[in-house]
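In what follows, subunit A forms one complex with subunit B and a second complex with subunit C.
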Partner chain A sequence: MQQKGWGIFFGVVLLAAFLSIAVGPLVGWWLPANVSSFGPDVDYLYYVILGFTTFFFLLTEVLLVWAMYRFAGRPGNKSQYVEGHHRLEMLWTVVPGGILLYIAIAQISAWERIKYQAKMPDPDLVMQVTARQWDWTMRYADTPLPENHRRWAEIPNFDDIYLPDELHCWKGANVRIYLKTNDVLHSLFLPQLRLKQDALPGKTIPVWFNATDANTRFNASTGNCEWTDKNKEWEIACAELCGGGHYRMRGLLYVHETKDDYLNWLKHAQKAARSRQPEKKATPVAAKD
Partner chain B sequence: MSSAVSFARMVRVLALAIPCLLPLLSGCDLDSYPAELTYPLRSDPIVTSPPGSTRWDTTAPGQLDMHIAHLSDPEVGGKTLDPAKLPAKERGELERALNEIFGTPATPKVFLKDADDEVKSRIQDLKLDDKTLAHGSIVYRRHCMHCHGVTGDGRGPTGPWINPTPRDYRQGLFKFMSTAVEVNNRKPRREDLRRTLEHGIEGTSMPSFSLLEEAEKEALVSYVIHLSLRGECERYTMEPILDGSGLEGSVREKVVELLGDFLHAWANSNAKGIEPGVYPYKEGDLQASIRRGFQLFTDPRGSASCINCHVDFGRQAPFRYDKWGTLVRPANLTAGVYRGGRRPIDIYWRIRGGIDPSQMPRADFGDQAAHKEQWRNNADPYWDLVNFVQALPYPQMLPEDVRDSIYGRRHEKTEHAQR
Partner chain C sequence: MSVSHSHSAEAHAHHELSFLRKYIFSEDHKIIGIQFLFSGLIFFLIGGTLALLVRLQVGFPKGINLPWFPISWGGRMSPDFYAMVFSMHATIMIFFVIIPLLTGAFGNFTIPLMIGARDMAFPKLNMMSYWFMWPAFAVILSSFFVEGGAGASGWTSYPLLASATMPAGEGFHSPASPHSGIGQICWLVALLFVGVSSMMGSINYMTTIINLRAPGMTMFRMPMTVWAMFITAILQSMALPVLTVALILQLLDKTINTTFFLPPGGMAFGNWHTGPGGGQTLLWQHLFWFYSHPAVYIMILPAMGMVSDIISTFARKHLFGYKPMVLAIAGIAGLGFIVWGHHMFQSGMDPRLGTGFMIATIMIALPSAVKTFNWLGTIWGANIQYTTAMLNALAFVAMFVIGGLSGIFMAATPVDVYFHDTYFIVAHIHYVLFMSSIFGIFGGIYYWFPKMFGRLMNEKWGKVHFVLTFLFSNCTFFPMHIIGIAGHPRRYYDSTLYRFLDNVQPLNQFMTISAFLLALAQIIFLVNFFWSLFRGAKAGANPWHSNTLEWTAPSPPPHGNFVQTPIVRRGPYEYGNPDMEEDYLPQAEPQPSGIPAPAH
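After this line comes the complex of A and B, so read on.
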């Protein structure tokens, strides 16, 4: 009887593991809010793959635990030697093969829409992002759409604005980012925009997105961008292990409500970037009580 | 095999596995130092005079200390002092004095028992109160220490492997300052350290920390000043003992005296910045200003004479020693990378104030009466240089003759090819 203990033990552990994942959506551990025009395409693929894997995970684990329990060793009993089963082999080769083929075909349209350079929509706003160990430098032109922007991505202009870790755009704009890296591999990851792209040394890689929701408003009197909602602090992360400071390649995504709001911010940023006078900001007081 | 044995084994496996996993629940504590940890006394050589000669190669990764140890070789020609030679008695006294005044990583402070009101107000002006420093020390541990080290010596675990090497605060020297040039023993102002922290240093391994909280950034600035004060007091107490000139009073008296001087320098610097005055030009004047800047830059006998060090606009600048004993080179100004910041005001401060520790002198056009040539027609030579340096990486911004003399015909060809 006690030989069946292992079967029960693994059954309980696996069940606990499965339940701890299954309750995820109930306690808020799920995909971040989607604010991307192509987000549903990505999420659909995600759920399709999750569905397949969950089904087969449950199937195989239930069989495994059942077999462990049912055929637990009995003293004096000899094991049977099984040479193989041709039809079964065929079955578990053809079925996964079919599923992989389905996924390969199902993802084509999403890939085409998001990653094909020739199919990218004409941008309303262009910026160039350079990753390095360990921060992001965003380069903005003095207008949202500089002339000949492919060339501008390679040859900076006199009037460009360099800003660490802050990505600004406006709701509904087709944004084109030319992604570069100064040193090793990095990956620009905007979870809410369902966008992830590796940055490769020596290459300039265009990516695009269109944000369907805004999270910030420019306050001209303070010169700061304020969150419209506390829960909408959208972060930028690096998704390719790039060294000891990988975790601190954090940035913030500011999606302005309107183009005008963005332009107001841009004007302010330009003024700061071209400052010919020391800042007149009063330095705030030391640590709080 | 009996079933009881295998059940007992299962229990044993679990009994072993659970304690192994328990530490994961506690997490690791990033936010405190052991109470008994003190700042270690300096052990790396003190560079009292870097070699004068220039070299073309740079230090190999991880070799900084070896490189500095060889600076005093006769063929290199620098001078260093070895703190290992400090007599045991003085060593003990210095350690006690520094710990008493500057505290430990867990409880950093700038504390003088019988400080007068002036010193107290300076400590307050520089925000070196215990609470801010303790906060700064924690943030420093998390974000800075792996490069800049426990004592701010620039020798954290990552430090030796990056070039340029992380700043060693203990010399009391900093590069990017907006402090008025009249101030003796110039130190950076709090705003300068803030700017470096927020924007990082382009072209080096110093990243931007712009997303830290306001209080964290302020506390870090205070803590950097604290480490710098401690390191400088340590260095200049060690120096007279090591070079044989000796101390007048006790070691502690020397440290206290030095601290007074350095606090004075920091407070003075913090209070007084370079004021650029009103920008003299209108938008349309830019081309003429750039041309004048070009002339000032390239005149080898002028008051600026930038071209003597920034050879070929920095494209062929040779390496030279800075005051830390590391090899650096004047910036390649055609690259469009500005370590001290790319705003016009940043470049103005570099030109007007110089970069003392790397031996970049300040451009000095003195008062307008003495340099009539450069100041005529309401021109401002400093802004002329700033405008030129800013336009230099962008050939299309330069007047045609200036462009040809910097980039030659080659430029036109590449422009054409890129189109």
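After this line comes the complex of A and C, so read on.
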């Protein structure tokens, strides 16, 4: 009996682990709500993989626990004398092989859609984001779509607006970000947009997204952008180690309801920038710890 | 080759060696293996302590203040110190614990014994491979005390955080991080020594396995442990030169201001500009992962081999599908060389390369699945003896399933966009490296301890240690999957700054408390280990009734291993033969009369 207990012990621990994941969606330990046009593709593929892995997790662990229980040693007993089984080997090579190949091929179109430069949609709004230790500088042109935007990304314009840690766009806009870094590697991570891209020293990397939900409204009387819903405070994080302050490269994503609302905000931001000191970058150089 | 070797081994046997030559500067593979074992375990304590500091910060970023806990502590470490702690935790665990324990300790101890050789092919080279670890030990430990502290760029040491340097003549400070100065140089030098040590070991293992097998020990009569060590050695010998090159390039960047990893335009740190460079930061990632992805398999394949032997022994049953198991290891090793790019899906590498790397990476799950099913096949219909070694080996299988399956999420490029560099990858690596490799190592220690020291470890306390370790390690590492799904980035000093992580902070605290309990449980292992070393019950030559050759030698085996060179007559897994009264038939035992000899 004591021998059989080991199978039960393994079973209980594995069941607890399984349940802790299974209750995740109920208690909020799950993916944050998606607000990106390609987010459903990512989430769908996540659930496909989750389905297959859950099946194989349950299959192998149940067999293991059952075998540990059923075949616990008894004195005087002998094991079966089997060296292998050719057809079983074929079965458990070909079936998982087919499933894995399906999983791999299923990823390709979503990957192309998210990252291939040739497949990125024509932008409605272009901005250039520069990471450094430890903040983000968002550079906006005076119009949502500057002419020859690839060139604009490389050559700053007198009319550009620089804002620290605030990423503004409007709902439904195809946003193109030209991502750069001043110093070390960083990674632009927007969990709700299912977006992540490293910033690479010496390179400009195009990134795109299209937000399917709005979270802010520009208030012309106060000059502030106000959240439409307290729970829609979408954050920007850094996902590549960049030194001591890695954890505090926090930014915010402002998705305006309409293009007009965005333009109102842009006009205001422009005026505010002009009335400031002539120096371009409003943010002080971050003090190093 | 083998002739001259056996001569020298006999010459050794004739005169008694001094203590210094016998136990310190020993050329005996068993002593060298035990030396690797002890230094690995000491570094395991250091790496584990660093892990507790990491958990302390992540679980309680603002200090400890729990209603039910008597100690309230508001102290905090600095963000740079935290970065140093997690970087050195990973560096020490990977390069000073798991690789030296698996290949250094178990590779050295088991290979000659399991193939019936008197020693390694190159005993002096073997000694050098251990003593090349000592400069690495000295440099990595002293790096904590140099100006700026030890390296803090993660175990991956990506440029430019790791490699940025002041202009020539202005010292070794780094504008990127205070830890990237002399501390980073120490990191590079230490790893160079570790690499050279591993290289010497791998050459020795390959040569020994190819040339020094006992008569009758054909390749397909070798135990899985030896197969795994053999393929691991091939992996090491092919991947290590690339790491060595990468380390030297970064060392040159840091000391004589070359610019292998600095882009042409140079970079600006605050208002200070580095001046022009001529290289690429991505170059490091390619070179580093070309080694370090195969290194992931270097850290698991030997454990897979050991676990296969332990499971077959205590299941009292023939290993299910021996040849598919060998092919699976070879398949993992072969595919292992063309998947390194999956660490770089979000790195800015051309995404079209990502597609190819993804397909290769997802397919590498196949040989892992084949191995798992064969282990299940081995215990199906078995007569399982639940020794501590067996429990650890079964835990390896149960946990490797989780670690293997979680890898598929990050291998899938679109899903990886979200999961990359979150705690999900931290969960994955710990399920492979702690929950699998370390359980394999524990299993190996409990299993071969009687052969190493002639005494058995205490089984009762071994089981207590196992139960607590299995429980608390799952409590420590499993919730990492959950906070990873919630998007928690890795290497964060204080995640309470972020609203989207608010509701997973209690899990962080739970994991920290579990980690401390897990650490406490290891005290049982240490006490059992040292108590058994001197007071354990005496083990005979073959306490587990096992078939492989090392159990025909006395425990512990003398210098030269075997009283008489064994002649191998069959494969290593003849358990439970229905025609015999005994349920095992050792490899070197003459064929009992009336029982047909196996075809292979």
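Following the convention adopted for this analysis, the second predicted complex is superposed on the first by the 251 of 289 C-alpha atoms of A that agree within 3 Å, B and C clash if a C-alpha of one lies under 4 Å from a C-alpha of the other, contacts with A are read in each partner's own complex, and residues count from 1 in each chain.
One rule holds in what follows: a residue touches a chain if its C-beta (ideal position, glycine included) is under 8 Å from a C-beta of that chain, and two chains touch if they have at least 3 such contacts.
Given the structure is predicted, the values throughout are model-derived calculations rather than measurements.
Trainee: Is A:Glu154 touching anything from subunit B or subunit C once the two structures are fitted on A? First, second, both or neither.
Mentor: Only subunit B; A:Glu154 stays clear of subunit C.
Trainee: Of subunit B and subunit C, which one contacts the greater number of residues in subunit A?
Mentor: C
Trainee: Go through the superposed model and pick first if A:Arg250 touches only subunit B, second if only subunit C, both, or neither.
Mentor: Touch partners of A:Arg250: subunit B and subunit C.
Trainee: Applying the document's definition of touch, where does A:Tyr162 land relative to subunit B and subunit C: first, second, both, or neither?
Mentor: first
Trainee: Which partner does A:Trp6 reach: the first (subunit B), the second (subunit C), both, or neither?
Mentor: After superposing on A, A:Trp6 lies in contact with both subunit B and subunit C.
Trainee: A:Gly202 in the overlay: touching subunit B, subunit C, both, or neither? Say first, second, both or neither.
Mentor: In the superposed model, A:Gly202 contacts subunit C only, not subunit B.
Trainee: Touching A:Asp135 in the superposition: subunit B (first), subunit C (second), both, neither?
Mentor: Once the two structures are laid over each other on A, A:Asp135 reaches subunit B alone.
Trainee: Given the touch rule stated above, what does A:Leu145 touch, subunit B (first), subunit C (second), both, or neither?
Mentor: A:Leu145: touches no partner chain.
Trainee: Quick one: classify A:Trp29 as touching subunit B (first), subunit C (second), both or neither.
Mentor: second
Trainee: Looking at the overlay, what does A:Met120 touch: subunit B (first), subunit C (second), both, or neither?
Mentor: neither
Trainee: Residues on subunit A in contact with subunit B in one complex and with subunit C in the other?
Mentor: Residues common to the subunit A contacts of subunit C and of subunit B are 3, 6, 9, 132-133, 244-245, 248, 250, 285-286, 288, listed in rising order.
Trainee: What does subunit A use to touch subunit C in their complex?
Mentor: Going by the criterion above, the answer is residues 3, 6, 9-10, 13-14, 16-17, 20-21, 24, 27-32, 41-42, 45-46, 49-50, 52-53, 56-57, 60-61, 63-64, 67-68, 71-74, 77-85, 88-89, 92-93, 96-97, 100-101, 103-105, 107-108, 110-112, 114-117, 132-133, 181-185, 187, 189, 191-192, 194-203, 205, 233-235, 237-248, 250, 285-286, 288-289.
Trainee: Going by the contact rule at the top, pick out the subunit B residues touching subunit A in the complex.
Mentor: Touching subunit A from subunit B are residues 1-4, 6-7, 10, 127, 129, 131-132, 135, 143, 146, 158, 178, 190-191, 194, 198-200, 202, 205, 207-208, 210-211, 214-215, 218-219, 222, 273, 275-276, 279, 336, 342-345, 348, 383, 390-391, 393-394, 396-397, 418-419.
Trainee: Going by the contact rule at the top, pick out the subunit C residues touching subunit A in the complex.
Mentor: Within the complex, subunit C touches subunit A at residues 78-80, 82-83, 152-154, 158-161, 164, 175-177, 262-265, 267-271, 277, 280-282, 315-318, 320-324, 346-348, 351-352, 354-355, 358-359, 362-363, 365-366, 369-370, 372-374, 376-377, 379-386, 391, 394-395, 397-398, 401-402, 405-406, 408-409, 412-415, 417-418, 420-422, 467, 470-471, 474, 478-479, 481-483, 485-487, 489, 491-495, 497-500, 503-504, 507, 573, 575-578, 583.
Trainee: Taking the complex as given, what residues does subunit A use to touch subunit B?
Mentor: 1-3, 5-6, 9, 75, 132-135, 137, 151, 154-158, 162, 164-166, 244-245, 248, 250-252, 272-279, 283-288
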